[in-house]
Structures are given as structure tokens and as C-alpha cells.
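Each of the two complexes below includes subunit A, the first together with subunit B, the second together with subunit C.
Right after this comes the complex of A and B.
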């Protein structure tokens, strides 16, 4: 990934130093991409170990339950905090958001660089948990009292969250200021790319809710190491305070992942369908901002079986069901964008179509989980786990990978499409279904999540076995995928500047990759311009 | 138009079904669970099939025939745009309230404990369950007479656990310093399990024991046999309770 700046001007500076000291949003984006893909690799390996262990009843590969719990902790925490959030709001937003609004960089480039380095410190801290004795075994949710009474080092979890939270808050301020003040002349609010909207919505959520998470885990730290009793009922504290604070952040955090993924999906769909966004204003103001509006009043659906007062459980049942309104409007816009379109199929579009499938299954399986009277059985089962993999984990991961194929020619000047890409797509798509559909089924029958053993349910052995083979298929697909990315970056087919004939500014006005300052001439657009203006009559 | 009729039907059914409040099927919440589950599955299958068929049709129908071809969708007029937001929103909300009303009814079944329920105290420990019967007998499995509703008053000693009864389609967290409850109705003789459903550490996956529903005579015999072999001192156990637990227990 040679940017022109690597050769122009600073001939004396070695490349590694340029990358280390960079404040260029595109390079920072690439640094986020590398870090988040590394996290995905390690966390993916953990997923395979988890699946291998669950393949049969009894202990197979692990040496203790605690060791398994450490792997599961790492998988969950790293996938969310180090793969998806940095991949979407770090990589994709950094690289493409300034290009989409024709800005020359973000508002405060040095702070942007500081954000990415905080992220790397956090990754190092997280990885250290593999070498320290007593690695965290508290799951990504870290509920006390367990996270306090355990012998494991909860502090690693707390400090990782602090670093990433700090990084995200700085990023949020930076990007909000960038979008508000640095749009090229002529770009009005109703002409923004959907990805720009979803990114700022995600950052607004981060800005509002991260402090709550930071407080929650800080109190955890105090309780464990300084002898305070915020969460200790024996001394007048409350065990459920943490869960309330945690989910007050972490439900919105699901949207911090979901929304930018939706944004990428729209970018791919509109470009490959050569169509405008169906009902743009509804999608933006009712869909995206509707989700932001409702995000903070549904968290009790994660506490349906904690003995919360009935009025709270039923109140949040109603608000949770009402999420279907903004999500439904966004979904209709996706579907509508296909109508009377002119679709070109390529790897990015295949990922986009897969996302339509994932949002459908993942979204609809959320509806039973909105009802406390069904969740009273489904809570903490493999059904929940399969649901959130579909709607959050896999949907966002597929959108991100689709986005990588989509923007690959912009970042490298080369296509990543080809036989390897298609093969790995099908392996990934088939693999995730083979993994998670059996888990939906045994989940309804009562298979709990976070179990490495299931002596009480020997009859689930077969389904677990199928799920494990599914995860092998995904692993094969992902390995091929990464081989393909590396191959394509150095030897892929050369692509023109705007290979998909997109109307969006990152395609129409930049080099591949864009040089320092992004745009050769200042970009000015008029009020008829739109990133989705394909049908000119 | 069909959608509109469907909406109205759904909304009406929703209103009617709230009247079912009064007669809620108190005898057997798991049956109500299955019924609600089937309703919800039907509901989401209908939505899913409509959207899936529409998507597949468009994905084939609107394939570009040449690279220069562009989509021909027109920009929506203000009226169209607002209608395409408000009408779907109304449909989704109608469905939401329909499901909420159904869910609410079943919830009441789960929370309303029958008056003749037998009380069993449950305590979760890392990593086992303990049951205390009304006569003070302490056991490590849950045995109930068939046909006798049982209310479980639950707490935990160390960390959060969750008392999960997959057969009875019910679970609730058990927590230090708090007391929660669920009730079940063993309508037939059988042997099922209770499993821990909230992550609690090393042996979380092994924290399960049997739950048996047996004829009354067998239950009486089991209880007195358990009372004799129990060397557990309940007063000592209660003395170890934390202050907040005692407050909660009152």
C-alpha cells in the first residue's frame, strides 16, 4: 500500500518511521485495519478452540474450565472491542469519511494519531493476558461479584476498556467536528453519504455512553483492589448496579457496530445497483437517528431474568419491540434500493446480499428475545448467542469484508476480486450457517451458552459436532480470504480510479490511493449533487 | 390493501387478547410458553418470507444488462416518502403491540404464584445447588409431588448463578443479597434437570442436578428419609447469612 507520500518529499525518512509518525487519516485507517484484523485472527482462533471443545460431551482439549473461560473471554472481548469497533469506526471511518465529504484530513490529525496508538496499547494489553498467570476469565461482560472474587486479573480487562474508551472518545470528538465543519463547499446535510451519517451516529453514541461503561469498570477495579463495596451486597452495595451500567453502555454499543455496518452496506448497494437510496430522509432521520434515540431506553432486555421489577421488564419489552420501527425503516430502504436498479454482481455485492440475509434472520430472531415471557426460557442459551452472532457479529463482519472488497481498488489501485475471493465468500457464507443454525435449534431446547461441557444434554452432541465442522469451514474461508488480500495487494489485477462507476466523492475525485491532502483541486459541489445520483433524468 | 386489512386484524386481535388476562392459563406456564413461541415464530416467518421473496425476486429481476445501465427508480415525492415511512411504521407498531399484549399475558402466568404453592428455598453456591423444604430438610436435588405447584425462593451465597429449568421453560438469576422467585407446576411424574445459566466460573457447566416430580407418597417417603440423613445445621447456615440477605429474606 504505497501512498505517493512514501516516495515524494521525504526520501530520507524510512517507511516504518513514516507510518509510526503519521498523522494522515488514510494511514491511520490502515493501521486500524491491521490491528483489527490481527485481533480478528487471534479471536477467531479462540472461536475454533471453543467449538472444538464443545464438539463432544466432556473435556476434550482444554486443561480446566478456567482455561476455557479465558479463551471465551478473549474471543468475546477482542471481537467486539478490538475487531469490530476499531474496524468500523477506526479503519473505515478514518480512511473514507474524510474522502466522502472531500476534507483534506480530520479536524485534529495529531489526536487522531493518538487514538490509534491508544488502540494499539489496548491490543498489547489484551494480548498480554495470554502470557500472564491468571488471565482474565470473566467473559466480555465482566459481571461482579464473580469478576471481583475470581483469582484472575480483572485489571487487564478494566485497563483495556479504559484505553479503548479513551481512544473512541477522542475519535468521536474528532470526527463529529470534521463532519460539522470540514465538508466541502456545497455538501449539505441531505447530501451526505449514508456511511457518513451512520458513522457520526455511532460516534454520538460512543460519546454519550462510554463514560458510563468507564465508570462501571472503574468501580469494579476499586472493589477488587482497593476494598470498596460498590457491588458488594454484604456491605450495602448492589450486585445489579454493574449490570445496569454495563448494559446502559453495551446495548448502544451494539449499534456502534451495527450502524456503520449498515452504512457500508448502503455504499455497496447503491454503487452496485446504480440506484439512489430508497427514501433517504426516512432512512437517515427516522432509521439511523431513530435507533440513536431509542438506544438508551432498552437495556433491561439484557436483565430480563435478574428479578427486575415487573413494570421495568414490561416497559422495556415495549421499547425493545419498538426498535423494529427504525430498523424496519432502514431495512425497507435497503430493499427499496434494489427496486428498479441495475445490479452488477461482484465480491463486494455478494457480501452485501449476504448481509441482507443476515439482517433478516438476525433481526427477526430478536423479536422473541424482546418478550420477557419467552426470554424467561431463552436467556443465556445458545439461541441468544446465535441471534447476536447473526445480527451483530456476522452482519458487521460481512459488511466490513464487503467494504474491504469494495474499497480495495481505492486503497491499493488493484482489485481483490477473483476466484479466490469467490471461493472464500462461499466458504464463509456456508460456514456461518452450518455453525450457527444448529446452535439456534439446540438453544431453544435449552442448551446454555458459556458451557464447555454438557453432560446433562448428551442428545445435543450431534448438533454441536455439525456446528464445529461449520466453524472449520469458516476458518478455511477466512484463511483463503486473507491470502487473497495479501496476494491482491501486491499482484492483483490493476483497477482504474473509479472501477465501479460510483458517484461518491471518494471514487470520483481521488487517486488510488489518494495522495497527501487527498484532493488535487478543491472540491466544490452544487445542490443537485448527491453521492447516489445515477439516474440523471 | 391486504397489508392494511392484516394490520387491522392484528390490532383487533391484540385488543381482544388482552382480555384473556383474566382467564390466563395459570395451570401450566410452559404450555403458554410453547403457544406464544409458535405465535411469534409464525409472525416472524410471515415477515421473513415476504421480505426474502421480495429480495430474491429483485436480485434476479434487476440484474444490469450492460455496464452503462443505471437504476431507473424515481425520487419519491414528499407524500410518497412520508407514506413509505409512516405506513410501515404503523404496521410494525401494530405487530409490536400485538406481540406485547400476548407476551404480557404469558408473563402474568409466570409471575402469579398459585396460593396453594409449596415453598422451597434455593441457594446457589460455586458450584452446586441446595434446597431447603418447609420442614427445614436440606437436600441436593429438587423433588416435588406431582400436581403440587412449587414456588422457589432463591438466593446465592457467593456469585450470581441462574436457576434454569429447561423442561419448565423458566429461569431466573439467583444473586447474593437478593431473593428472586419462580414457580412451577409439575403436572406429570418425570425426571428433568436444573442447570446454572449465569456464568459463575470454573465449573459453571457442571452446576446441575436432577429435578424430579414423583407421586405424593413417594415424595413423603423421600422427604423423611432426607431429613434423617441430613447432617446440615440450618441455624448455623442462617447465621452465616449476610445482613442484606436477612433483610431481603424478611
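Right after this comes the complex of A and C.
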């Protein structure tokens, strides 16, 4: 798109315009990064407030249960929809996927800009929904009948989901076309980076399942404001319909987050271990696409306790357990990549290794939750909460932060490693364990989730206190981390173009940061090229 | 690939456009703000300002976007018409969710239609089907004319398509008006719930299609056309046409 002003050779366009109105995938990636990290900061603050409130029995910092609900709503919705998904499929995919396949941009750059602004306006709406007097108080799940009968403004919740959903669907269209049609000559399917595979798998899930969520919340809107009866059993509707539609998207959403996180880990592990992916084809076709294949038939396990025929429960128990097979294959591939390798420990690698531990705890605690007989007791306890925080919040966020350290020299030309980075890593890692392991324990013992007070369970006071101290450690770690990123971007140690000696195209063929059009010359690779051409024997 | 080779012939520069942001801002004002102004806060000023600002921003953004699409050489070209079918896949799932909700309600009750449902004409949907199918044919014909370089014929057939689409929406409005006057409103019963949701959602697609046609027609009258855009709009219109068969058969004739 030769903008007339530029081709006519006029004075350069002001930099703020080139950034704000950009259609370049790298700059859009940076916009996603800024937005998602801001969301992470605000939602993290909510988490601290939630933990503070739980530190002792009784009301301490909040003024009402409704306010606490508001914090829970914002924390959950923002962390999933505005931090993890935009961070992984917005920032990481936008910046690095086109570089990895040596494309000059994504298929439809303006639609890409459209996506990022949908994301930003969704954040504005979510923030607005926090300052209006009738703030949504319906969690990030928005279950009817409460979401319909509440006096709060459910419509802001619905439209936030719409904006983000539309953004993701258009992103899916863009990236699928980009990977299918715009790979550099010579890059075959079995030569793609694992991150490329996981990203398109995540976008396939977004493309198919988000419309269902969009429909679910749209019907909520109709029921609340137009008086329709979709979720109204008294008139012949079905209140469980919402839960089914909602989880039909929201369980696969876990994989939308999980898969790109795994992809980033593979990039870090192969580069820092100088090793090929252990069993590339099994990881891609059985692991990644196995997850995509099963993702749509496990959602019922979120509804085990809402009442349903036994055969349906058993069927979904089997499929839920079955999905641990592809997850296991991916985990084995990650571990196998370490085998007999020459490991460089830097900050990115430390995050990657931490993830190998987090996926183990998060994954294994999921297995009892797949079993209806156990879930009946564990559902709605802190155990569930600790489980999904381990796999989604910790595993995925650690992978994303590892990815930021890994790609930092590409984005800024400087290293983000150093004493601050290492200190903040250890604070984060220790902090998350101190926070969530006590929650596993009191969850098994019966601590319900989402309670702002637990006067009936004073015995959990001690563990709650430990968990709250853990959250302080994470907060300190994160503050240091962001201070480090800002410092490193301005004054960090200068890095060469390919500081980790990676074989992947984003490192071997581009400047740091890459300029407009990404590549100076067109990239062509031969049939023996692979992004993981290490240690060939 | 070819497109890349072509692009590498120029020096690259940072590309930008304010059109996408303007359209999103317009959507933001038109949908969440105006909607909650009307339904939640019942505030006329908020509704009017939201809708006014929203419509202006959307129109300005779309106009700019279309203009750039007609005047600039894209860095990447020839892939938008592959993206559209992928987007349509997503649309199929949203329609499927609506139909699934409808089937669930319908199969869960003993007698159909539920109490409170007036006689719903089967003639109107038949006429609407004929109109919409004709409009798909006229659009196809228009595209063929454009391929042969016959712009005035293209414009003529495109206008005919737009007229047919508008008449289709006119029938919807007429039918809604009639049903509401006899007391069949969205909250009447589960049939009205499904009826207005599904036909309304389809009608909104027809509306968007007509908007896209106008965005093709106006520059085309001045002699400018982007072939990729025409293909996309046409494929989208055929999709809306095909969905109508499911809407009509499920909602009116079952």
C-alpha cells in the first residue's frame, strides 16, 4: 500500500501516525503487547485485592460482596480475554509468525489493524464497565438466570465479548490465509516452526468456537433486553443451553491459550538446547492436531454437577481423559528435546524449564477433575481454581514471559537478561507456588471458591494467609520484571542480530527490529532447511 | 511468492491507514454505547449521540478504506478472496448455534406452535425466496459483465441486485409490522423468540450485504472497481442467499 503521501516523497509521516494507524504486523504486535500487559497489570491488581480480602476471616478491604464479585469478574475476564489470548495470539503470533515463514506481512494488513483496534475498544468497554454505577457482576461466565435478572448492565459484558470475538475471528482469517498461501518458496508443511503450527491450530479453534460463544451471549442480550425466552425454562427455553454453548467455546479457549504457549516453549527449548524437536511429526500431527480434534467434545466436564444423563457424563469423562494423550505427547516432545542437549540457561530458558514443571502439576491435577465421581466433590472448591491457575495462568503466562525474553533482542536490539531478570524470575516462580499450592490443599479439604468470606471454615485461615503472602511475592517479582523490560528496552546490553544462534528465519534473515517489509531480499529456502537444524547426525 | 517478488521491487516504508480504527470506533459508539443508551439507561441523548457519532465514523472509515483499496497497490494481493470463505465458516457456526437453540426449544415441547402464535403467512417467505434467489442470479450476471469489461452493464445489474435486496428487507419490515400489530412480539412465546432472532439475524446480514454493494457501486459509477472486493461481496451475498433456505425451511415451513 503505497500511501500517496509517502510515494510522492513528501516529508516523512509523523512517527505517531505511523505507530497509531499502523497496518504493519510487527507494530500491531507491539500494540497488542502493550494492551495485554496493561490488562495484566490491572487484572493482577484485582487478584491482589482478592487475595488480601481472603487473608483473614471476615470483611476487610471490600465494601460489599457485590464489589468482590466485580473484582472477580474483571480479574477473570481480563486475564483470559485481554491478557492471555491477545498476548499469545495477538502479540506473539502477529510479530513473529510472518517472520518465521518469511512473509512480508499478513494476508490482509488493514483487517489486522481492524482486529487490534477491536481489542483496544473492548478494553475500553471493559474499563467503562468498571466505572459505571451498575457494573456487571456476573463473573466472566455470565450464567443465566442471574445475568438476566440482575439489575447490573449485562450488555457491556456481552459487547466486550463481541468485540474481542470479532477481533479473534478476523485474526484467524488473516493468519490461516497467511500460513497457507504466503510461506516463502521452499517452506513445506513439515518445515514449519512449532509455534506456527500451534498458532494456526489455536486460530482454527477460535474460528469455529468463538461464533458459538458470540451466539450464547447474544441470546443473553435478547433475553434480558428484548424479553425473549431462550434461557427461560418457564416459557419452554433451557437455562442449561447457555452453559452448553458457553463451555462449547470456553473449554477450547483453554487450548487457544495452551497451544501457542507450547509453541513458544518449543522455540525456546530447541534454540537454547541446540537440539531438534523430539519427534516433530508426532508433536504436530498427534499432539497439536490431536488437541484440536478432541477440543470440541469435552466441554460437558464443566457441567458435571449441573445435572445430566449418566451416559453423557461418562462419554465426556472418556474424551476428557483422552485429551491428556495429545497433551502428553507434546509434553514428552518438550522433555525429549532436552535429552542429550547442550543447554544454555538464560532467563528465557529458565521460564521454559519452569513451564515443564507447571504443566506437570497443572496437567496431573486435571485428571481427577475429569472424573465425575471426584468432580462432584471438588467442583466449586479452591482445588479447581488452583488447577486452572496452574495450567492457564501460570503455565501460559510463564511461557509468554519466556517468549518475551527470548525475542527481546529481536524486538529491541538489546538483551533483557541480567540480575534483575533472574531475581524477578525466582520471585515469580516461588511466589506462584506459595500462592497456589495451599489452595490445592484447602480445596481438597472443602474451601469453596468465589467466597469473599469463610466464617464457616475458620480452619482455612492459615493457608489463606500463606497464599496471600505468595501473591505479594509475585507482585514484587512482576514489578521488578516490568522495570527490567523498560530498562532493558532503553539501556540494556546491545545484542547481535542472532544472539542465540538460532536457525529460525526470524533470527537468521532479519534486522533487529525488522524494518518495513521485514526482509531486504526475498527469502528462499532449500528442501533440507529446517528451523531446527541442530545436532544433525 | 509472486506478490512478494513484486513488492520487493519498491523500497518499503511503514504503512498505515486510519480507516480501520475509525470503523472500529464507529462500531463502538453505534453498538455498545447506543444500545445501552436505549435499552439499559433509556437515555435519548446517549442513544442519539452514540448512534450519530457511530454512523459518521463508520461511513468515513469505510469510504477511506474503499478509496485506499481502489488507489493503492497492496503489499500483499490476491488473498482476500481466500479469506472470505474462511470467515464464512465462522458465520456458519453462529447460524448453527441459533438453529440448535431453536431445535432444542422446539423439540422440548409437546405441541407446536405454542399458545399465542397467530397465523403466519407462508406466501410472504415464498415471495422473499424468489426475490433473494433472483438477486443472487443478477449479482452473478453483474460479475460476468464486469469480467467482460462491460462496466455500464455491471452497474445496471448491480443496481437491480440492490433493488431486489431492498425489496426483500421491505417484505421483512412489512411482515414484522403485521405480526407485531397482532400481538406477536419477541417476548410472546418461544416461537416468537426464535422467529425474530433467526430472521432478524439473517436480515442484518442482508443489510450488511447491501451496504457492501453500495460501497462497490458508488466508485463503480465513477469508473473505479476493485475486482477482489467485488468477488468477496458477491460470495458473501450468495452465502446470505443459501442461509435463507435454512431460515425459511426451519422457521416458516416446518
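Heads up, the rule we're going with is that the second predicted complex is superposed on the first by the 523 of 537 C-alpha atoms of A that agree within 3 Å, B and C clash if a C-alpha of one lies under 4 Å from a C-alpha of the other, contacts with A are read in each partner's own complex, and residues count from 1 in each chain.
We take it that contacts are C-beta pairs under 8 Å (C-beta built on N, C-alpha and C of every residue); 3 or more make two chains touch, one makes a residue touch a chain.
Quantities reported herein were computed from a predicted structural model and do not represent experimental measurements.
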{"item": "Superposed partners subunit B and subunit C on subunit A - clash or fit", "value": "fit"}
{"item": "First, second, both or neither for A:236, with subunit B first and subunit C second", "value": "both"}
{"item": "Which superposed partner A:107 touches (first subunit B, second subunit C, both, neither)", "value": "second"}
{"item": "Partner chain in contact with A:210 - subunit B first, subunit C second, else both or neither", "value": "second"}
{"item": "Partner chain in contact with A:173 - subunit B first, subunit C second, else both or neither", "value": "second"}
{"item": "Touching partner for A:159 - first (subunit B), second (subunit C), both, neither", "value": "second"}
{"item": "From subunit A, separation angle of subunit B and subunit C (C-alpha centres, steps of 10 degrees)", "value": "100"}
{"item": "Partner chain(s) touched by A:222 [first = subunit B, second = subunit C, both, neither]", "value": "second"}
{"item": "Partner chain(s) touched by A:117 [first = subunit B, second = subunit C, both, neither]", "value": "second"}
{"item": "Which of subunit B and subunit C A:487 touches, first, second, both or neither", "value": "neither"}
{"item": "Lowest C-alpha to C-alpha distance for subunit C against subunit B (Å)", "value": "11"}
{"item": "Interface residues of subunit A shared between complexes with subunit B and subunit C", "value": "236, 238"}
{"item": "Residues of subunit B defined as touching subunit A within the complex", "value": "32-33, 36-37, 40-41, 43-44, 47-48, 51-52, 54-55, 58-59, 62-65, 67, 69-76, 81, 84-85, 88-89, 92-93, 95-97, 99-100, 102-104, 106-107, 109-111, 158-160, 162, 164, 166-167, 169-173, 175-178, 180, 193, 195-206, 208, 242-245"}
{"item": "Subunit A residues within the subunit C interface of the complex", "value": "1-4, 6, 13, 17-18, 20-24, 27, 103-111, 113-114, 117-118, 120-121, 124-125, 134, 153, 155-156, 159, 162-163, 169-170, 172-174, 176-178, 180-182, 184-185, 207-212, 214-216, 219, 222, 225-230, 235-238, 241, 245, 515-517, 519, 521-522"}
{"item": "Contact footprint of subunit A on subunit C as seen in their complex", "value": "1, 3-5, 7-8, 10, 12-21, 23-25, 27-28, 31-32, 35-36, 39-40, 65, 68, 71-76, 79-80, 82-83, 86-87, 89-94, 96-98, 101, 104-105, 108-109, 114, 185-187, 189-190, 192-193, 196-197"}
{"item": "In the complex with subunit B, residue positions of subunit A that touch it", "value": "64-66, 69, 137, 139, 141, 143, 145-146, 149-150, 233-234, 236, 238-240, 273-276, 278-279, 281-282, 286, 305-307, 310, 313-314, 317-318, 321-322, 324-325, 328-329, 331-332, 335-345, 353, 356-357, 360-361, 364-365, 367-368, 370-374, 376-377, 379-381, 444-446, 448, 450-456, 501, 534-536"}
